[in-house]
């Protein structure tokens, strides 16, 4: 139960009730088909009502849901022959970012992504998906490798943010992210970005400059966490829900602001309810777009990428 | 006195004696001109005898002499407008390697070199000229900067070796040196290397791939220190003198083995006796060679550099 | 003259600064002056508490005459210090922030920032000469919403870089920023990518970019153009970091060591090429540009 | 058969190994066998002390059947393990060391090394197929003067890389070396530059280089080609370092922590892409090559 989201509770409760009735009807051979039909109708309406009107704050909850699939799960579903490569050849191997080579249908690719843990132990290893500088530098090393061997790069974005600690500062968190932004904007091979969960600020952006950027429907992407914003605005992190409402962090908002190109639909309630389906949709999207991108001259590819990031911003 | 070299002692003693006689002759108005003349003659012969027959081990001593000028001293004499740049943009700033930009006559250049200390305090700061990986990475960063802005690179080599410590291993001493070797072999701007003191093994080589490599007459360059070799061969580091004799580490040996292109003469006893003269000679050499190198197409430059390193080795 | 009259005297009971952290240290003094006059003429050094005539500070390159503390410099004053007299041509001076997210109170904040800083945004860009070397210069204005970067700052920097590419000029950016401007949300974040991409193009053209870090350089600015200089200079003791000190302390639950995230620390950690005192900055920038422009003539 | 007869029995009082560190641990046993027979047929695991039939070890890919310890593999055995049957063509097999420095006893040492390893130098190079993918392969021979690199090793590797460039093939190097060969002095050191320069050319041609680190990879080999792989694989628990452990201990005057300079440590520190068990090496190399050769077909 603790894994369920607050706003889904009425649905779960009703589903349980229907289940009980069905069981009772069967065991006691009582005909409750009419009642059950009515309730199922009600359930459907409720689902429509709830899932079609998910608030930004509810999306934040879905994006952070502990059952929400992580990068390695998508990699397993979407690619074949994934071989993980470790380390930045410099300081360390950061488990909050994973990467390696794999095959997408018939295309060799480099796959990189933030990696959250699936349980407490795993989360400690993964630092809850919050990378240190060596994570960004590993990613860059693998991107340059991809460039050298002409492999498109697929990025999965899912982080609360780059880690804000003493050592991260000391080893140049800012420099590492900045360098990725610059190098990614000039990387001579296609880059496709999929935001699968939390797109947390600079920590997300450091893996997100690309030719195509899509978001899963219930993922989020923002300059600061709702908690962070509310504590700055109102000195009260508990007003995060209110902050989420104003900050425009949903996939729909980002599409409207022309920051992303595409929203990939999720099943009602979120991807964790049907990973296969969502993986299939991502795969199809990647395949379609890669084949378009591979047709471009490098120069055109880079010009388009530049234009894409160049045009973002609203002023008068 | 402690700064003088053992084998120079007879010279110093005789010089002192002549001085005393001259003083005595003057103060007591005694004519000793004949005796003094004979002694001066003897001194000249002695100097010729000693300085023309400096043994390899004596060269090791000169190369390590605490008054031997260091990289920053040559930079001051040879270049104008030197601006030192720090850091590898990655982990730290290693004081055992210095680098920056400067002007050589009318040519903007990048200058890099190992830096030993001039006294105990300075030596601790400089780690006795033994770099950590971040030193090699700083050097590479500055070389790439030089390549970008088409500046020739001048290298001064003077190190007992790359530091052999826990942290140096941990941060990839091997990787750092290896990467420099590879990148320097392909750097699209001239590289000129001057071995000014100790050319200690991989730690020296990590700054020594270039289009021209010259050595000051009494500097040394070897795969291992004489102490290291003697302790491996005879389990006795005190037999270093014997090791020095067989290991072919003098500038003359290296010229014969075609590892270097040129020997720059030193005044009798070593460069510390006339830094201006040696600096002037280095400057002339650099100027002459740079103007030749700048005339080459990049491709020719790199082909020549490759051939140069490619041809080293003797086998049957 | 008023200046000569008040010099060296302390009028310390009066609140001359909004910052209350330091007011406790100030000794009482009999001579009291009206607040309004005070605030116009005087200010207090945040480091040593010395009361200083604003006019003096300005003459001293915005440093405290007593302890050498660096006050933040208004963008236009910085430009005056760096460029040769009357050589500055401003770019895009009318570009103004809109409120794309309809963020509450943003318009009001912008208005207030303009009143305070006399600038329409947190950056001034343009071209001019440094001892005769033509250069594109961007200077952030810390007095405008803490120098935060929104669409306008990103756009003005990007345009300035593009202009430098077009004219084959070097670029210098003086950084002073609290980071991305949260009132423009994701659009602010994206300015990091935009400016970095423009710098990549500048780099492809082999035109030098010098980043000068001044107090404070943090957040999204540190994680983009601030750290991308071919050469990175810093003023002494400037706060430079990705995360702000308070955020880090909250995360790690301990106080930060003395000097952490200051210029000197950054240099030791390998991220700053050189720390340059304010009074030598113009000369040092000139020398670096001189060496770099020699190079470009030589090999083209 | 002798093999079946002796299997599982321990003949432990006999000195079956030159390494005396482990002989103290061995329990006495009544059954004694002649030393000369022993040394031919049996050896002792350096890790767990188990006495093993050499024939068994070889069948088990040179691992201890009891504790999984990795014995060093003779170069030609390694080639047999990696290349498809009968596909290997050797390069430069007659290149021999001379004694350019007239180093005392070097000729004698070379002779002894050849007797011990049955190789003329510390490396075997050539081309062959890995599950059908043609590849240039260099394998160092630790039994030849500790796999030390002199002129011949440097030259053979360089020629192999140049051959790969000519034929547009990937390169794999199995490293196993104590470092530069001091008997060839400065010429040995220069082989580091030579091989690295050749790899730079390979890299310019976008041909993949996979470095495989096996026990031990130290000194000049670590500071050159070993660390330059596009992809760096390592066998478990291999000693990998620039300076040898003893040199470091002498320098820092303390004992090294458990696991320091082992493959797992190097991976944690970011210098090894992947640790691959010996039995999976061929398959893993094949997959990496497969993905890389797909790429090259696709875009050419």
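When the chains are written out, they are named A, B, C and D in that same order, and each has its own residue count from 1.
Heads up, the rule we're going with is that a contact is a pair of C-beta atoms (placed from the backbone, for glycine too) under 8 Å apart; a residue touches a chain by one contact, two chains touch by 3 or more.
Everything quoted here is computed from the prediction, not taken from an experiment.
**Student:** Count the C-beta pairs in contact for A-C and for B-C, then report the pair with the higher count.
**Tutor:** A-C
**Student:** Among the chains, which is located farthest from subunit B on the basis of C-alpha centroids?
**Tutor:** Most distant chain from subunit B: A.
**Student:** Would you kindly tell me how far, in whole Å, the mean C-alpha position of subunit C lies from that of subunit A?
**Tutor:** So the centroids are 35 Å from each other.
**Student:** Could you grab the centroid distance between subunit B and subunit C? Build each centroid from C-alpha atoms only and quote it in angstrom.
**Tutor:** 43
**Student:** At what distance in angstrom does the C-alpha mean of subunit D lie from that of subunit C?
**Tutor:** Subunit C and subunit D have C-alpha centres separated by 56 Å.
**Student:** Counting only residues that touch at least 2 other chains, which ones in subunit A make the list?
**Tutor:** 89-91, 171-172, 175
**Student:** If I count partner chains per residue in subunit C, which residues reach a count of at least 2?
**Tutor:** Correct list: 203, 227, 269-271.
**Student:** Mind giving me all the chain pairs that touch?
**Tutor:** Result of the pairwise touch check is A-B, A-C, A-D, B-C, B-D.
**Student:** If we count contacts the way the header does, which residues on subunit A are in touch with subunit B in the complex?
**Tutor:** 89-91, 137, 171-172, 175
**Student:** If you look only at subunit B, which of its residues touch subunit D in the complex?
**Tutor:** Within the complex, subunit B contacts subunit D at residues 162-166, 168-175, 177-179, 181-183, 185-186, 201-202, 205-206, 208-209, 221-224, 229, 232, 246-249, 253-254, 257, 259, 305-306, 309-310, 312-316.
**Student:** Given the complex with subunit C, which residues does subunit B contribute to the contact?
**Tutor:** For subunit B paired with subunit C, touching residues are 81, 83-93, 101-103, 106-108, 134, 138, 145, 148-151.
**Student:** So in the complex, which bits of subunit D are touching subunit B?
**Tutor:** So the residues of subunit D touching subunit B come out as 95-98, 100-101, 103-104, 150-152, 154-155, 158, 180, 182, 184-194, 196-201, 203-204, 219-220, 222-228, 241-243, 247-248, 251-252, 256, 260-261, 269-271.
**Student:** Mind listing the subunit C positions that touch subunit B in their complex?
**Tutor:** Per the touch definition, subunit C meets subunit B at residues 203, 206, 208, 227, 230-231, 267-274, 284, 287-288, 290-292, 294-296, 298-299.
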